[in-house]
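Shown next, in structure tokens, is the structure this report addresses.
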């Protein structure tokens, strides 16, 4: 990649160590102009450290960050032309909503009439026009974050960084503001780097998602890439719900792996990884891809099935979730449309799934 | 509530009695002095044989009392300004600094509160005698500042710790330089702490007796020194008049402080 | 940092040179310390100091605990009034308050006159210029310093704990002895240590309400330096006081922690 591409941000081999701890471990990625890219990961996975290095609040141990093809590591944060919305409410408590939004333009010494016009436009955009004279302490959390968003965008920054901006809000409000951020992204076309630990939020909002784990990017891709074609067991279990059936590798041909479970059942699944015969592996099947069927599926079709007893039924509104005890001593979860014929507690049933819906990964080192 | 009052049975009357007695005990000398300052008895009889304002007249007619008040006021204002000027950077270093020994630095700034004042007094007394500075403005200010500094440091550190540094970062990423961010965002946000630090610093200086006794010369005295030397001679009702004025001032400061806190905290 | 320079010049430097004085005047060595700790007259001063500080600490705790408790459970309005009385007395000029007690306690003062008028005594009681006067005055001055930390601790205790104790069958008396009192021990420790340490080094009140016969340590230090110009002995006494203070402060830090806020 060279600076001739239209990438807004280029990160190369970024490393950040705090003493013995490596917070960011050789992260490289590029963000296209106008893209909405989300860093998804649990706390301590390195996503926030990476964002703070882009913002300029932290210096990397090594590696580079380029914005529009120019390295910004020597540029102080206030000159990077970046907008940022923080996890906590960071409105200036001593200023009104209007003065908060005007602040970035005021420190840039813009003429007053231009400031007034831009502030009015932003207030309009976040639909808080009637709150211009209020103090931050008089606003709700959601309103405060919308003002913070307006303040971050009023000076048309090259890049908008958002560090878990909705973490402190309740679910309904969070979804409203997610929609609002999507709309603003569409309208302004600004490049956004978004950090969250909420996979649903990441899937809902992003063009692409980078899944962080232990300071590294486990996978980067669109939401459906991560869900349908997870690169490894970590991503498979982190993004969406999944059943990870433990077994031993019997053989691989082409991209098809055969796995023997503890009770001797043999299942097949796709695999891209380099698997070693006889090692412990896991087969991932999404709960909604398991379909109850009255009988065992035929061996000749690409369908295969597992058998088990229903030990728990939860009604979830749009779906019903069953917990199934299997013969190989591992419970699995099945989720179906709630209108489909229900299974009774204690019923024994077969659950069939397509070979292409099963993915085989090497067993992850147990993380506990 | 810890143990609800009306569930406590007769025990609560004991508590009420103790609270009433304690309030009386605490207010007794304060109210008593105020009464006596208007009493006509030179020997502080109570109840006074008659009422008069003559002790206030004596007080305001005596240039030495007025001079000592003026010295106290000047020293107090100076201590207040210096206490903030020195305390503000110190508090930033304590809260924001990332150097080892930060906790030790914090403890050092607060240490004058622990050292008994009499020890500070004779140590400084030896120093200013050596320098020939006794009775000088500088001696008073420096001595009072030692006691005032911990108050401004504590007040500013507390409010700075309560201030989310992300807000300052937000200002910087918005394009403000670090200095601009501190001046326009951080300082206004911690102004209540700075204000209380200033107020405490002034009061510490205004009320300080022990250090002042040792710093004073017969020519230059602060108000507490003048009261002290007068008290050691006799219990003249003029002291009651001065004390009453000081009590009124205390009440005024308490009211202003309560009012400011309510307004700013809003 | 200017504050550091200032404290170095006006705190560290004077204290260090004072220490030097204590071991060099009139002659090199620990003679001053030996004299202070060995001589009966000075031992008397040390005893007075610890005795008064101890009594003041106990009395303020006994009076202060119920008051702090009331502050936590009274309706807000009444509690504010009580708090205002405490703060007013605390913030009133120290000399003004001490003056009040000098007048109240003197031979012809209101307390003696009332007792004589009631026929309880024939001769005025010696309430002032002795350790009794000092104890009264210091108790008065230290009382807020034990009430405020106790109040902070007591109001920080979750009332649900008391409710939980009550619902499991504890009587109010049992709740007090077995729950409330143990939970308020940090406040008791903080208040008592603060009062004790302050009382040890207090100068103004003992100097005005005490007598020349029974001095306390701070008075003695001032007298040695100011009147007798005996710098060596005075500064040695100062460092004994400082050492004792630091020991108790170390205990305070152990018990309460430094700069911990509720």
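Letters A, B and C mark the chains as written, and numbering starts fresh at 1 in each.
The criterion applied here is as follows: a residue touches a chain if its C-beta (ideal position, glycine included) is under 8 Å from a C-beta of that chain, and two chains touch if they have at least 3 such contacts.
Since we're looking at a predicted model, the values are computed, not measured.
> Suppose chain centres are the mean of their C-alpha atoms. Which chain sits farthest from chain A?
Farthest from chain A by mean C-alpha position: C.
> So which chain ends up in the middle if you average the CA atoms?
B
> Whole-Å distance, chain A centre to chain B centre, using C-alpha means?
Taking the average C-alpha coordinate of chain A and of chain B, the gap between them is 55 Å.
> Give, as an integer number of Å, the spacing between the C-alpha centres of chain C and chain B.
18
> Go ahead and note the Å separation of the Cα centroids belonging to chain A and chain C.
Result: the chain centres lie 60 Å from each other.
> Where on chain C is chain B touching in the complex?
So the residues of chain C touching chain B come out as 1-4, 6-7, 10-11, 13-15, 17-18, 21, 63, 66-67, 69-70, 72-74, 82, 84-89, 91-104, 106, 108-110, 113, 140, 143-144, 154, 157, 159, 162, 172, 175-176, 180, 197, 200-204, 208, 218, 221-222, 225-226, 231, 234-235, 238-239, 241-242, 245-246, 249, 258-259, 261.
> In the complex of these two chains, what residues of chain B are touching chain A?
For this pair, the touching residues of chain B are 164, 166-167, 169-178, 180-181, 184-185, 188-189, 191, 266.
> How about chain A: which of its residues touch chain B in the complex?
By the definition above, chain A touches chain B via 55-57, 76-84, 86-88, 90-94, 103-104, 107-108, 137, 148, 151-152, 155, 161.
> Once bound in the complex, which stretches of chain B touch chain C?
1-5, 7-9, 11, 14-16, 18-19, 22-23, 25-30, 32-33, 36, 43-46, 85-87, 89-90, 93, 105-112, 114-127, 142-143, 145-146, 149, 153, 158, 203, 207, 209-210, 214, 224, 227-228, 231-232, 235, 239-240, 242-243, 246-247, 250-251, 253-254
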